[in-house]
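In the two complexes that follow, chain A is the common piece, with chain B as its partner first and chain C second.
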Partner chain A sequence: MRTMSPLSRTLGIVFLLALPLPIFIVFGASFNGSAYIQFPPESYSLRWYIEAFTDPRWARAVGTSLWIAAVTSVVVTTISFLAAYFTLRYAPKINTLLELAIFSPLFFPHACMGVAAVALMAKLGIVGTPGAIILAHIIVTVPFSYRPVHVALRSVDPDLIRAAEVMGASELRALKDIILPICRSGILTSLLFTGIISFDEVTVTMFLIGPEITTLPVQIFTFIQDDASPVLAAISTISVIITFLAIVLLERVAGLTFFVQRSGS
Partner chain B sequence: MNSGERVTFTKSLMLLPMLIILAMFFISVFTLFSSAFVDRGGFSLKYFQQIIDRPDYHVVFYRTVLSSITVAILAVLFSYPIALLLWRANKWRNLLLIVVLVPWLVSLVVRTYGWIVLLGPKGFINAFLGWLGVVDEPVKLMFNDTGIIIGLTHVLVPFAVISILSSLLSIEENLEEASRVLGASGFQTFRNIVLPLSLPGVFTALMVLYLASVGAIVTPLLLGGITEKFVGSQIYQEVMATYNMSKAAAWSICLLSLSFVSLVIIKLIERRALRGQE
Partner chain C sequence: MTTTLNQSVSDVQNVTGSIDIASVSKSYGDTEVLSNVNLNIPAGNFLTLLGPSGCGKTTLLRLIAGFIEPSKGKIAIDGRDMNGVPTQKRPIGMVFQNLALFPHFSVAENVAYGLKLRKTPAAEMQQRVDRFIDLVGLSGMGDRRIAQLSGGQKQRVALARSLVLEPSILLLDEPLSALDMQLRKQLQIALKDIQQKLKTTFVFVTHDQEEATMISDTVVVMSNGHVQQVGAPQDIYASPETLFVSKFIGELNEIPARVTDTGPHLSIDTAAGQFTLPASAARGFAPRTGDAAVICLRPEQLKVLPTGANVAGQTMLDARVVSRLVIGPLTRVSLRVGETDMIAVMMTDADTAPLPSGSACKVSFNPDHARLFAPLSDDMASAFGEHA
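Right, the complex of A and B next:
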């Protein structure tokens, strides 16, 4: 009984195709031959890609964003896994309270998060260091990491663990050989999802950069404000490709069902 | 895994890293509050008073709230047909979902940059209109509220799709079938079964979109320019250009209180709408 009226189907298709449109426009404009940004291009060239790859500022920003994303995703996933494992196994009573605290940053507008973050980091004296950016990214991504990991851990049958431990396996062994493999897709979802968020985060990060360090999205933002060189189209395309590859990888290794689950289930 | 076994001190250390991160978050909010009430070293309500006194600041708050309401409603209207399409497309759902997820997760800056290329005076839309001969002068699509609303709506549609799709997917198939078997038309089934049951997703989307929109900085700054300010762009300027942390903190607290009040109102509307169903 899965039918749809032609009108709503057409609207759905048109709106859906409009979503990636600005990205395609940027992609098209990146092959522009002239000195100012233009779509459709009048002449074609790869000069902006050459500039993107030879200008050390862009290489450094891409590198910074990639390693910050990697560190953030591994650390935040580990923190969430330990907390969810402990809570489910040893302290189920505190779960409601813990989740309330973990999900509370979601109710803060990003502008407020940014000011709060820079206020804290200034107190700690670490504005403009990788540590400040990573700490802020961990705070921002914790809710997105805790949910998939918690859902995965909750699905582990307690009898399996009990059986392993009755047979003489230590808690660590049960974790390594039983729990981790069962939670594999939840953990991978957390790793990739938080990595993508960190790689593309800009609203909070732009308060925390300094002369020594900036991330790719923040540098794109700064350049858009300063001058509108078409090199931005090339560098934006590179950033889209990195995000796209991460999403495809996520689809391959863990599936996308996590994104369309109701939070209750 | 749900057993509630006995805890030893060593094991409770597993919770420690999470507690540190949560503490950091709450300390940062506390620091935000404490710095808002300070001027030249002493307690002061100066910046709150300033917001109350200056009509040009009221305009910034009005613009932010009104634009955000518009954006949230527009985004939900655009995303509903997309969510329906994905819901119906069993076989292609994963592929179509990627078409939604990529624009959602690609950096905000890049998507906004795409809109600059589209909406700018030499942008695609103006070039197209000029080519059609509809307009002689470029239409001003950027550096005004229109630009901000177009950009923010586009940025936020993907999340709304995901939220509504989640609701649709939790509807039991039998319900629809029963409705059709009992003689309801496709539209009646949609109106009486599908739409009401998808409302939780719609309201989640409205709330998250509204929050994301009032807290936006990048899109209003880039598409709104200097004059058409959002609360977020004002806050950004206070921190990054005039280095006035106290003022930025006071603005953040007003924004925060405003969003909490709005969330309560949306929650009340939701409760009303859902009660009407029973």
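Right, the complex of A and C next:
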């Protein structure tokens, strides 16, 4: 690593401390005994955590967010893996075009995508269903899935699959036995990262919820408009902890280097 | 009746594994990397593809394996057209140039993978895996990870992995290149042995002409996507059809020359003097007066004699001894003939009155042994790192 100048070092430290500051404030406020969101807290109590765990609306929102995140990450990772595998093996020339399509969600404001998504889902007649939310989450998360999966697949010697085929394996069998295990860390990265994004997504999801279904971050957003109760601080702390655990898991099983590698060739 | 039946069974075993390559070309975009290749490989043949880097050896193996399809022409295995037949349905095994070992499997798991796909019973699988791991000299290393192996050990795992399935055709892309001399010799013998025992058709790629002449029934010399010559190793050595082939197989003395007269004998002008060769010396081209050409002589076809000597029927050239190297039973004499460096090789005990370095001498050869070729074209010369 190159040595940094004192100025950039100081700036770096300030940023590193400043970035998680709001989280510390929410964390502190969640243990506040009074009825308002306050920092630093006046008295300490766990009453907001008790409320968060006993109010069924919160439990349901957490549950919904978790399973939507799980389904989204599995589906989007499967799609990315197959797309990356087949373009690399059979149509390497269209990769640039495909990446452009896959990365295009990054170029649009999420509010704009929300409007587009609600129009699309209305046409399909699925606004207010989990299907609509999952479909939107797939579109939002696919760039974050395609990149690590593509990087992992591209580094696999293409002769490995041919070697398996010479020995009699079908392409699917070779994928399962050889390619999948070798790409394990790229796939886990994709699963966890897309899961985290889906779990935290607000803007697009807001357009698609209905009376039957809402996700945790959207629930927080709606709730705060009526009532700035410290229960929100407790809920936020819980969701930060869930996300944090997922990131720790990600770092443990796969490392985070995939996000600093370039995926273009 | 029984005998005929038995006979026909063994006949059938003998005929599986033949490959017919008919007018096959392969292009990538505008570049043709294989041009009109014709080869008939009989079942059970040990055939070696020999040629400089980039001449299309791997491409030919990939076509036979079915990873790529020919742009033109047809490949048939056992008389059956392979067009559109997927790799899995071809009776082949392959050792890849870059080995393609499965990095997440152990040595034994790599060797066992194909058997597992064939649903071989566990006990038999274990036994065969062990047998082939032993055969390639990796006994006791079955549990090693691939990353823990040396280059040579990896090559041997790749060999074991393809041999264990006993395919009727085995494609081997430089399978011994990373091995040291002794192990290489050992495995050459082992390969030849297995090949003869199982009557497998081997299509073997190597850069090493010595290896090629040692283990093959048939050698195919290739350059620039063309087949230059096909034949038994000794035939190719004895009667190469082009300068390229004679340079590629065995050691060679070349004398740049110009044709001064074509009939009935060839009159040749060289820096070492003028002499005549029989018309049959010209190979692969019809010399005309004024043509540039190259006279080729094998080192063992040259005799080194004292200056006064004159042998009837032999062509004599004035030369100078540069140095002498005795390698056990053989002696190599470096010579300067005119402006050309040459090598003569003889049995050490036949070299009764060795001339000291620096002394003048005569070099003689039988004109019937000399070959006259057209000079190499530029692209072929580049294969030898020469500039025409």
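Assorted remarks:
Just so we're on the same page, the second predicted complex is superposed on the first by the 260 of 265 C-alpha atoms of A that agree within 3 Å, B and C clash if a C-alpha of one lies under 4 Å from a C-alpha of the other, contacts with A are read in each partner's own complex, and residues count from 1 in each chain.
Throughout what follows, contacts are C-beta pairs under 8 Å (C-beta built on N, C-alpha and C of every residue); 3 or more make two chains touch, one makes a residue touch a chain.
All values reported here derive from a predicted model rather than from experimental measurement.
Overlay on chain A: chain B and chain C fit together in the combined arrangement. Of the two partner chains, chain C is the only one touched by A:M167; chain B is not. In the superposition on chain A, A:I126 contacts neither chain B nor chain C. By the touch criterion stated above, A:L249 is placed in contact with neither chain B nor chain C. Legend: residue contacts after superposition of the two complexes on their common chain; A:A101 is shown touching chain B, with no touch to chain C. Using the contact criterion defined above for the overlaid structures, shared-chain residue A:I178 touches chain C, although it does not reach chain B. The angle formed at chain A by the C-alpha centres of chain B and chain C is 100 degrees to the nearest 10. Between chain B and chain C, the partner in contact with more residues of chain A is B. Of the two partner chains, neither chain B nor chain C is touched by A:V74. The least CA distance from chain B to chain C in the superposed model is 6 Å.
Touching of chain A by both chain B and chain C, each in its own complex, is seen for residues 157. Residues 1-5, 8-9, 11-13, 15-23, 25-26, 29, 36-40, 78-80, 82-83, 85-93, 98, 101-102, 104-120, 122-123, 135, 138-139, 142, 153-154, 156-158, 161, 179, 196-197, 199-203, 206-207, 216-218, 220-221, 224-225, 228, 232-233, 236, 239-240, 243-244, 246-248, 251, 255-256, 259-262, 265 of chain A are the ones touching chain B in the complex.
Put simply, chain B touches chain A in their complex at residues 1-7, 11-12, 14-15, 17-18, 21-22, 24-29, 31-32, 35, 78-79, 81-82, 84-86, 88, 90, 94, 96-103, 105-118, 120, 122-124, 127, 154, 157-158, 162, 165-167, 169-170, 173, 176-177, 180, 186-187, 208, 211-212, 214-218, 221-222, 231-232, 235-236, 239-240, 245, 248-249, 251-253, 255-256, 259-260, 263.
Taken together, the chain C residues at the contact with chain A in this complex read 65, 67, 86-88, 92-94, 96, 98, 100-104, 113-114, 117-118, 161-162, 165.
Across the interface of their complex, chain C is touched by residues 157, 159-160, 162-170, 173, 177-178, 181-182 of chain A.
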